[in-house]
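Labels run A, B, C and D following the written order; every chain starts at residue 1.
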Amino acid sequence: MSDVKKVVLAYSGGLDTSIILKWLQLEYGAEVVTFTADLGQGEELEPARQKAEMMGIKQIYIEDVREEFVRDFVFPMFRANTLYEGTYLLGTSIARPLIAKRLVEIAKEVGADAIAHGATGKGNDQVRFELSAYALNPNIKVIAPWREWDFKSRTDLLDFAEKNQIPVPKDKRGEAPFSVDANLLHSSSEGKVLEDPSQEAPPYVFMRTVAPEDAPDVATYVEIGFEKGDAVSIDGVHMSPATILTKLNDLGRDNGIGRLDLVENRFVGMKSRGIYETPGGTILLAAHRAIESLTLDREAAHLKDSIMPRYAELIYYGFWFAPEREMLQALIDKSQEHVEGTVRLKLYKGNTIVVGRSSPKSLYSDALVTFEDDRGAYDQKDAAGFIKLNALRLRTLAARNKLG
Amino acid sequence: MSDVKKVVLAYSGGLDTSIILKWLQLEYGAEVVTFTADLGQGEELEPARQKAEMMGIKQIYIEDVREEFVRDFVFPMFRANTLYEGTYLLGTSIARPLIAKRLVEIAKEVGADAIAHGATGKGNDQVRFELSAYALNPNIKVIAPWREWDFKSRTDLLDFAEKNQIPVPKDKRGEAPFSVDANLLHSSSEGKVLEDPSQEAPPYVFMRTVAPEDAPDVATYVEIGFEKGDAVSIDGVHMSPATILTKLNDLGRDNGIGRLDLVENRFVGMKSRGIYETPGGTILLAAHRAIESLTLDREAAHLKDSIMPRYAELIYYGFWFAPEREMLQALIDKSQEHVEGTVRLKLYKGNTIVVGRSSPKSLYSDALVTFEDDRGAYDQKDAAGFIKLNALRLRTLAARNKLG
Amino acid sequence: MSDVKKVVLAYSGGLDTSIILKWLQLEYGAEVVTFTADLGQGEELEPARQKAEMMGIKQIYIEDVREEFVRDFVFPMFRANTLYEGTYLLGTSIARPLIAKRLVEIAKEVGADAIAHGATGKGNDQVRFELSAYALNPNIKVIAPWREWDFKSRTDLLDFAEKNQIPVPKDKRGEAPFSVDANLLHSSSEGKVLEDPSQEAPPYVFMRTVAPEDAPDVATYVEIGFEKGDAVSIDGVHMSPATILTKLNDLGRDNGIGRLDLVENRFVGMKSRGIYETPGGTILLAAHRAIESLTLDREAAHLKDSIMPRYAELIYYGFWFAPEREMLQALIDKSQEHVEGTVRLKLYKGNTIVVGRSSPKSLYSDALVTFEDDRGAYDQKDAAGFIKLNALRLRTLAARNKLG
Amino acid sequence: MSDVKKVVLAYSGGLDTSIILKWLQLEYGAEVVTFTADLGQGEELEPARQKAEMMGIKQIYIEDVREEFVRDFVFPMFRANTLYEGTYLLGTSIARPLIAKRLVEIAKEVGADAIAHGATGKGNDQVRFELSAYALNPNIKVIAPWREWDFKSRTDLLDFAEKNQIPVPKDKRGEAPFSVDANLLHSSSEGKVLEDPSQEAPPYVFMRTVAPEDAPDVATYVEIGFEKGDAVSIDGVHMSPATILTKLNDLGRDNGIGRLDLVENRFVGMKSRGIYETPGGTILLAAHRAIESLTLDREAAHLKDSIMPRYAELIYYGFWFAPEREMLQALIDKSQEHVEGTVRLKLYKGNTIVVGRSSPKSLYSDALVTFEDDRGAYDQKDAAGFIKLNALRLRTLAARNKLG
């Protein structure tokens, strides 16, 4: 293992990645470079810098990648109306490739020969980090301490921390009742108190949305504007991608929108139960489907629907930088050229209700319906022929089957 | 046209199908047999009998087909978690093949050479009726009066009614503000006041659910039991299919669940806007997905998801009795053998929230996770190899692309 | 019908389209503009000009569109390894959109309000012509004389020709034993003597290839070079698209390659039997698959394979200019960026045998296999983990099913 | 490792599996039970028995599984017209699940706690064996000596053999120029002299078919009869599944049919080059497609084609006993109910040419085309309406796009 001289670590500043930082220094004797990203997880980043400095790190990367995250990852995904297993908006999955990409880029900049991450050996995130990294640099070495070290228990970890002067916050001395991941798109909670899928999640698990019961008794209306399939404005005001998602998150949070209690199938082969909160994303999905309903041709829409489960699977599994994802993206993006207009939504106690859509590119509008009014845009007699020819093979079958 | 001697008409007892009845008698000089089905639309059927008798009909079929409807059409469809265009539960579509089937069967019983329906020439229902009928009897003649007669306006129709002693209810003298279809699974409203998709539907359009705002302030909990993918019990009490759906409708109605405002793509080529209410179906879909999340293997679930849009399209377009639908059904049904257990849901002001699922056939339960506890059911080291081999092709690509 | 003032006719110069020309003049009283395309069908175009002139046509379009045909239609289709129903290379289907496109363009140039074609009412070509035309100009009027006129038989047609001074070649006085369509990609024969699918096609049907039995006893070797998925050279010599296909046709013809006897399913609902000869295309398909086998990633290739049947169907049905075809094309084209290199084939008495492939972009080459030789590109131990995690869900299932 | 007491080994009687046998005895100290199957690989099985006896094996299973192989594995696969990556008939892949199944069954019978196979750590077969085994018994232990032992080279292996009195045939002292797998469906050759995909395979690689050049100058005709999608007769004579495949192999071999030179993508992530010979299977595939062309409905056929690549992938990867394969099989089998009739083929120097098909269940036959002759089975006027409604969305799009 001693061939690693310099390693870039995805560093949150928290206890676990601080332990990893130290472990890399000790086990690998490697210089560690830290990378801390603001993905909208809602935590201060300065403490991460201070901790890193305290642990002797010389090269510290701290970056606000929220705009890149929403513009280049979240929005392209939403163009496909992506849902994993029918319900999950992929909030954790979609952030991993971006982090991996920066790790690989920084490794190149600083001349590191490895990257390291804090994902465990039982989850999906290890796969997402590593597939992304390998796809971007086939020769990169990836260190996954959770799969390598010999700690057998939480106590071993805390002992290691103590022995190495890593401060352990009081609330981390016991085990957390569940684990959390967060970014601008969502928060997820899983493990421990959530492990029994027959039991309702306790209220304190939710950290990002009010309960529907606690949301206002009066509905909130909002209008989202779209261009080429991406949200570009709220209530008529143009905003940057991250600003839009932030604003929708606020609206969703206040109105109790975007909670999900799910048992899902991990890529590594087991089922797990998670609680997700995706307030803004839930609103965005409804709005995007609505603007597409007006501006997308039927067969374009159905083709998108038919490939969506595969596309979602690819993102969930970690294949964002794989050619098959890029091919599907090319198909999806091609469909969005005219997806433009405004959707009006009513938000009320957990409900996201589409109440209106309009578009200069509508395939529904009167201007179009009358495109050849003088000749009759639609002749009901045509329906007879349409049905007859669609029925021909069924009648042939019926006649054949009678013979049989 | 005079070669039709006897025709079976799908007869609701309402004004429009009464006009059709008379028109068939006059235009075709044919004996008319009426078929009126109780699909759970919530109307008395006896008036239909009386009207038919008054118009001289000798063979009157009035049938309660609710159990057949739910058992043989609705439930098989729900096994696939079917949604058309991502949101529509296909409440109207799924009822048409059953009606067509009975029309064809009755035609055979009574020696009729044709069937007739009251669907217009611009909608999907004409296609659904006729494709189903032709698939069941290739030689049947289908009469679609709305495509054939010369009435140019509502006034022409009312004149014809008056001239022929067909009573016109006062509220039908003007045009209805929108048109309605209903059965045990849903109610749909479309046309007229709903035609502008940018305008919120007026409250009076909703007839089957209370508004979320008017639903109780306290959540209702319900448990749905499943066997082989079908709902079999509510709160531990076994019930027949139609009883279950009726009960779920009540729960949904009271809690403001199942409203949908949609722009959809018709098979005949245009977009239309509809308001749907599917209270029980909305609950059932959430529950079915939840029990599958526990009992269905990942790849089985993903395969189902990948074919669902096609399956939904087939039902929406009217191909229920086509071989491709039956092939997909065989695939779906094969997956449901172990879909068994109980789902607990919280219903609250428009929200259907899954809060628990349990199953004797769970793929999640502890009993299974420990199937080889002594040997280690899951070795984190395996993940390294898993990732390495999944990454191999991506690394090869990355190396190749660098060369290029 | 009298509202048509000027119509552009797809005119071959043959008897049938000459009759149509005259019929349009008489029935519609319209000025006719003719369009005759050299698609590589192997016929002189000058006679078409002379005939048109004789019939009083003032605007005569005669164009060599072979390069456009191969470059913009045939090659994009071959990028997908397109086969309809597993075997048919779509030689007729792919030519129709190009003809329709030119008809619509010419109509605009000359101020015509309609276009006309000579396809019959039972086949696929009418659909392909008309869908393409409507997709390019929603207000175009399409005249399909075969669906409109009252001729009941071949004799009626010949009478009309005679009455209107249209010369009838001697060999057209009786009915042809089968009908033919040809272009640079293929020749098709169907109808009459070929209608019984249990009977072997008589040798005289084949017009474009020698019988395998009559091909040389010594194999011919050829090398095809590719760039971005398209053939660009033969035996090291760069050529234009149409030149390449012409050259491959010669090689195929001489070696008895590309014959196909097929029962296919038409879009209009019936089965038909056809004899196809696609000499160059058959070689091209094998070569393209071979160069992809070396340069395309597994998942990219499998994704292409999975959408190919749908893509083929779209072309066969006539939806070339539909958004869903363009979306699929975007996906396909995205995959072809690195599809580059040379394929060596052996042609022998009907066989097209791939015997070698090489590429600077190979994903197979030794240079790549050793990309991290020092670290071990492939560790057999990884396979154990790979299998274990792939098996996890199957083991869970097996344990669960035992319980059941 | 010492916890394995008894292990069932897939034993061919050859040098490699003999070394494995001995290695298992020495390394694991386990009792070894051998299983040798006659899959039609064309080798005597008695020598395997004698060798096993010589090495002290007490429980020796030698079985002729050819009928089971063809009936329960090969034929179900051919119902789908299965081709991996467009060309490979999966001859090796389809045999593995059967062997794994018998290993697991025998392990249960003899009370063994493990099974062992001789597949290497770089190939697909290890995956196929092990996934199959785990799917059938989640607690089985699988020993893959090639991934476990410390032999670094062929020499190490031979040393081990010599030291342990395992006779090494003279022709095995050097390395084979390529490796071979064979069964009733096919023979495959790969490795060594075949590793450069740019080089034509040397003639001596082919062992199962004559070269097309050496095949008879006169074509052979054969008729294959089908019932429910499976071949049941040749030239009118009913035969068992294995007999039919054997007979077709003879015909294919004599006529130079079924050779394939391929670069394929392995499940473990790399490309490999193989030479396959599938004489009978190649004929069977053509015949099956032909009988389907007559008896299968268009949409049933297209649905099958659309899922085929996934189905092929599952078999190639080793997921025969996975629920998703069984679901697809249910879909496929559902489609085959009426796939019945006779196909006439012409075999000539490498070509398999369909020249005729007939069926009592034909969807093409005249008896059907006239099912309502009096009413007109097909009205050309219907085509106008059919096209108009199919075009409606394209015209709407064209009008909209003009506005844009």
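To be clear about the criterion, a contact is a pair of C-beta atoms (placed from the backbone, for glycine too) under 8 Å apart; a residue touches a chain by one contact, two chains touch by 3 or more.
The structure presented is a predicted model; accordingly, all values stated were derived computationally and were not measured.
Chemist: Stepping chain to touching chain, what's the minimum from chain A to chain C?
Modeler: Between chain A and chain C, the shortest chain-hopping route counts 1.
Chemist: Could you tell me which pair, C-D or B-C, is linked by more C-beta pairs in contact?
Modeler: The greater number of contacts lies at C-D.
Chemist: Can you check how far apart chain C and chain D are, centre to centre, with Cα atoms defining each centre and the answer in Å?
Modeler: 32
Chemist: CA centre of chain B versus CA centre of chain C: separation in Å?
Modeler: 40
Chemist: What are the residues of chain A that contact at least two other chains?
Modeler: Only 138-139, 265, 268-270, 297-299, 302, 310, 322-323, 363, 371, 378, 381, 383-384, 386, 389-393, 395-397, 399 qualify.
Chemist: Using the touch rule from the top, collect the residues of chain A that touch chain D in their complex.
Modeler: Touch list, chain A to chain D: 297-299, 338, 360-363, 367-368, 371, 377-379, 381-386, 388-390, 392-393, 395-397, 399-401, 403-404.
Chemist: Using the touch rule from the top, collect the residues of chain A that touch chain C in their complex.
Modeler: Listed in rising order, the residues of chain A that touch chain C are 138-139, 141, 265, 268-270, 297, 299-300, 302-304, 307, 310, 319, 322-324, 326-328, 330-335, 371-372, 375, 389-393, 396.
Chemist: Tell me, which parts of chain B touch chain A in their complex?
Modeler: Interface residues on the chain B side: 81, 85-87, 120-122, 126-127, 130-131, 134-139, 144, 146-147, 197-201, 212-213, 217, 219, 259, 261-265, 268-271, 273, 289-290, 293-294, 297-298, 301-302, 305-306, 308-310, 313, 321-323, 344, 346, 348-351, 353-358, 363-364, 369, 378, 380-381, 383-384, 386-387, 390-391, 394-399, 402.
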